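Just so it is clear, A, B, C, D and E label the chains in written order, and each chain counts residues from 1 on its own.
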């Protein structure tokens, strides 16, 4: 009996000690974790926009996240966008609800601190609180609007689509007329050496400069990549100047995507995925812009 | 027919066997001539056992047409005292005793066994040790032949009045053992345990081992005696049915025996001939019983467990000799064959004749001689000396040339599984061999190593030339419980 | 029953004689799973080193207080605690490396090597010896991982620590995950061979 | 009197031997090879020669290195070499089979104890290895068949420029219509494929010659019908059921003719060492190979699945051998005495 | 042996009980719906419907469930001759990984028919099972549990016992972990305690299985008991809860994952042990004897298991 008492006592103490250690570690690291979590993503985003280590981004550049939600209530489904508000007060957000047909349904100010906006849990709670109890929301996706000096410069579109094996996660940058500026593969599980080559410059850079009209009917060609194009796509490796690259890019602007050898399915999934993301976004952003303009909701972009 | 197209390297030879069968099997000739398909069908319609078996080249043509030839008594005989399974005989004669042909010279004092008789008239010269194929040396009696003595003449007597016990005593007294196989005392076989009623007698005329033609000639030349012997056995056992199983490659024997059987059959004794498919080991007791009756003798049980008694045709002839003629068993028909001997023959020799005498009688050996085997090539023993005397169970002595034997080195098992197909007992020789090779013979019990009767089919077919029988014997020795 | 080995001997013992990967054949999962580059091996090595050292020291400190009947649960709790700590730290400060190592950081908790050292060594020895033993074992693991990583990275990608050495990729095979099996197997055989040769030369001498 | 040999029975042996079996198989593989020269050009011969030479060299070196008797004469390395060459595309670099040979012979066979102890079919293991290591070459170096006997025309040309897709890859990616468009309408496509005039691995295309070779081996008794029949029947049946637009509309004949099914069924799946020995087990094994082949073809990541199907079933044969034992001749109750 | 059979039957019936309710769902007018070709949805009606209404493209509104604002362009609709099966064709290939919502207006007097087309949930569950069992086999493609894998795959009987014990412990502990994760860790934001909690639950399960087995079935305990201790310090077991927490699986999916992972481990162990029993007789080079050759063989297994990569059953 005494034995059991000692065991229980010592176990309790050790559990408490362990809890103490872990709790301390958690408290010390949680802030850094939050901070570092999106660092990589941000770096990718800026590099897509053309700002690398050598060429620092200008101070006037700003990123504005727009979160899209699907709202369900008695009337049925509608779509809602969480947009930041323009003005000095940085922590102001509005949830703009839009019907499936594009009609404005209402806007709800959301009380949310700026640090919390990128976290799913607090954001959902804040929106739910703003909308009232009879509406349920489901997070759909996010878009980042890039402004320079308050003027819209580009959109960053994170997205995912099914690849040959599992999902492929990408971030792409398009300009105001939805011409692709850049594409970066964030996560994938394609076969190494085959579909895994989608991360290579000579594949993903093919999307660069494709206009919206070209993109809409973009296909995949199962022919070998021409040599000059290959060099232009991987300009760093072959030491081409920007002008050379631009000249070659011009040449292939309206061409289909050249499939990776032996990985046509992966190439096609990426092409279709990119196509779908841009098309959907273009459709939605026009509706959102229209509504924002009609309702005179002041946004910083 | 699980083995229908198994060992196809031998297909050509099998085809010749078909032809042979077609040529002579008169009772099937009409159907056989009809079409090639029916030929195949016909072949397979011969009785056989379903599992395993091989068809080695028969090589019987060397002696099958040669009539049994008397070989006179040599100058000196060495009679091994233990010629049967059981306790060896104790001599009943003393040194320098004069013996007459057929005199008792040895008797079993205690245990299982049969008496031993003098094959010739002569004088006991020595009690010594003779070379023996299995046991290296074995105690024996040496008799110097009295070459002047006239051979004893035996006349048939009437046995119909004798009771089964009296008949049995005669069989025992004549020293009859199973001369086709291991030398099991015949009177024991003829007296099966009472709890297993026997209803069938099977005479084994399969003679499935290559080269050997002793039984074949016996059946051709002594068909009436064999049938009469069968009647004696049937009477002893008190049953009616007798099947004589003969492989289809001996059509003449089938014919002669059928006639003899038909002539001898009475309402009391129903004797019939069953042609068997040519397949080794057709003559093995268990396989023969399965071929003819479809009954399976359980492992480690005697045939009487399934109501069957099996005797070799030559043993039956010996029983005839013992009962009808009153002649003890001291002569043996031995096939001498192979490319290593000048003149192959089927010889009637006295028990105790040394191989060297036989070789001398047949004109010596040829230069190609590479291996001498007592018994058949599949289960016989290779011997290294010509001083070995013939025993009651010696059915052949083969003098094989280099091209008749196989001396290739063996390699690793390639898991072709041919041995599994060939094994008539459904064992896994490759597994046994692999275990023995890896030094784990004690684990081979689960593969049924003790059920193996070392017919040699597995080693015969093995393309890697692995000495599977050797491994199995090793396993049996090491894995003794 | 304190160990009679010096600190240095303890460390060397962990790296050579009782190398967790090649000699004790423990903790094989990461050795196969994520040893594709030297850097990966190094990172996981650091994590294991940390957990090993801290767990060993913790157990050595509290060795008299641990009731023998709840020995194993206590070890598990200790290891889990330190794994949690390193997991949190890596997730916070090195998110990229953390993402690469994926689930294996959390799985350090189930590494047999750590429990084994606690059971075999730390619960009997002084804090000092346990510390050095922990260092040795951790380094041994790290060295093993880096050695495998070295071969796989060099042959698979033609690089070492990300620097291009060969200028081309000789055999993609080696960076494929399952090549870890072949690499570890062949390396183990190599070390066995060295041992045999060493013993033979010793016998001759 | 001279000395006579003494040994344990049996004293006569069948005249079959490992060498004879192996070299007969090699002989059966020669006609498809010769035909492949006319289909894909002379480089198939070079690849095969390189492959055979490196397999033989690997065998000799491995056996020397491991201190074993060199048994290269038994022809098993030659078979591995030929089969390895037969399952790689005709347009690959000549270095590939050399690497494959090391994998097949040294790692796949001799490390595990030499002939008889390998668990996986060495040639297929090497193919899987090459497929993982050189995915692009192994999945795209297909050559369109020659039409004019110009067997030297592919020598030295850039393979990229002429490479094409195999019927199965086409079927998987673009459907039956694309296959018909490229190779011809239904009745003709069978004869074209049967004769081998289609893109594919070096040795797998000439279906007719493979079948003839297989039948000869069957006649000689070196293989039995169990594995080829069960593999081909299950591929045909399952393709018929699941392979079409709707159930029961698949084309079984095309499934057998368009990939490596024939080569696999006759020369790979029934490799003695890696298939079960029991006949029932062989049927189960064959059905397993067929089912996995169809599964990988229809749902998997590769257009052709028989290579992996056989590899996946190879270790299963060890299990099957344990499950299916030969029928004992009336064993005693209670096992061995 | 019979004990193993009992466990086997138990697991099987558990699967059936969990899966049957999913199968027993039914719709009213719409009797069935599924993805056909890559740009086709096939609809089966329960009763004959008006051909003109069905084939009117304008009556259709189809969208992917997460994107209700984006309508997919219907190209054509054709009703089969039996009047029950309609094939809806789209201008572009569908993303079949997403559920699609189809609304057919004016089809019935009552108004619109609305239904969801998705890959069958049963198929999804099965694919989790098959994936964990074969495609992402924990041993050969995820490289987990190797210590135990190499340690206990020498003999078939051991391997079988180990495999079944693993499966049992894995299923029980994964389900417990799931409850803990969903109802304690997540709501209270204690995710950082994952490791401690999960390993605690595993030990607890092992202890519970140990105690229960010892009382209920001593024979089974004698055959399994020795492995139970080994189970705790094994990454396969702890990996399952971690994976399910990462992927936010629901209960059924958790069950399927743990069952598949356990079954996959059993499969790997059984195959490997059969092979290794055969390998015992092989003349393996001295330096490779024991573990190194087991690694080489496991590598060859992994090479063969590549055949399953990219397999998508449902």
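As a working rule, a contact is a pair of C-beta atoms (placed from the backbone, for glycine too) under 8 Å apart; a residue touches a chain by one contact, two chains touch by 3 or more.
Small disclaimer: the values here were computed from a predicted structure and weren't measured.
Visitor: Which chains are in contact with both subunit A and subunit B?
Guide: Both-contact set = D, E.
Visitor: Please give the intersection of the contact partners of subunit C with those of subunit D.
Guide: For subunit C paired with subunit D, the chains in contact with each are A, E, in label order.
Visitor: Counting only C-alpha atoms to place each centre, which chain is farthest from subunit E?
Guide: So the chain farthest away from subunit E turns out to be B.
Visitor: Just the chain pair, please, that has the highest number of C-beta contacts.
Guide: Pair with the most C-beta pairs in contact: B-D.
Visitor: Report the chain closest to the protein's overall CA mean, measuring from each chain's own CA mean.
Guide: D
Visitor: With centres defined as the mean C-alpha position, give me the subunit A-subunit E separation in Å.
Guide: The mean C-alpha positions of subunit A and subunit E differ by 30 Å.
Visitor: Between subunit B and subunit C, what is the gap in Å from one C-alpha centre to the other?
Guide: That gives a centre separation of 71 Å.
Visitor: Per the centroid of Cα atoms for each chain, what is the distance between subunit A and subunit D, given in Å?
Guide: Centres of subunit A and subunit D (C-alpha means) sit 48 Å apart.
Visitor: Using mean CA coordinates as chain centres, what's the gap between subunit C and subunit E in Å?
Guide: Computed from C-alpha means, the inter-chain centre distance equals 32 Å.
Visitor: Going through subunit E residue by residue, note those that touch at least 2 other chains and give them in order.
Guide: Counting only residues that touch two or more other chains, subunit E contributes 192-193, 196, 281, 283, 285, 288, 293, 296, 303, 305-306, 309-310.
Visitor: Going by the contact rule already set, what residues in subunit D reach two or more other chains?
Guide: Residues 107, 113-114, 117, 129, 132-135, 301 of subunit D touch two or more partner chains.
Visitor: Indicate the residues of subunit A shared as contacts by at least two other chains.
Guide: 18, 22, 25-26, 164-165, 191-193 - these are the residues of subunit A that touch more than one other chain.
Visitor: If we use the touch criterion from the header, which chain pairs count as touching?
Guide: Inter-chain contacts occur between A-C, A-D, A-E, B-D, B-E, C-D, C-E, D-E.
Visitor: Of all residues in subunit B, which touch subunit D in the complex?
Guide: 2, 5-11, 51, 54, 56-57, 210, 286, 296-301, 369-373, 375, 377-384, 386, 398, 400, 404-408, 411-417, 420-421, 423-428, 430, 445-446, 448-451, 454, 456, 459-465, 467, 469-470, 473, 481
Visitor: Would you tell me which residues of subunit C are touching subunit D in their complex?
Guide: Residues 171-173, 176, 178, 182 of subunit C touch subunit D in their complex.
Visitor: Hey, which residues of subunit C end up touching subunit E in the complex?
Guide: Touch list, subunit C to subunit E: 25-29, 32-33, 72-73, 76-77, 80-81, 83-84, 87-88, 103, 106-107, 109-112, 115, 177-182, 184-186, 188-190, 192-193, 196.
Visitor: Under the stated contact criterion, what part of subunit D meets subunit E in this complex?
Guide: Per the stated touch rule, the residues are 66, 68, 107-108, 111-114, 117, 119-120, 125, 128-129, 131-132, 245, 292, 295-296, 299-302, 305, 307-309, 311-312, 314-316, 318-319, 322.
Visitor: Spell out the part of subunit C that touches subunit A in their complex, as residue ranges.
Guide: 62, 65-67, 69-70, 73-74, 77-78, 80-82, 84-85, 88-89, 91-93, 95-96, 172, 175-176
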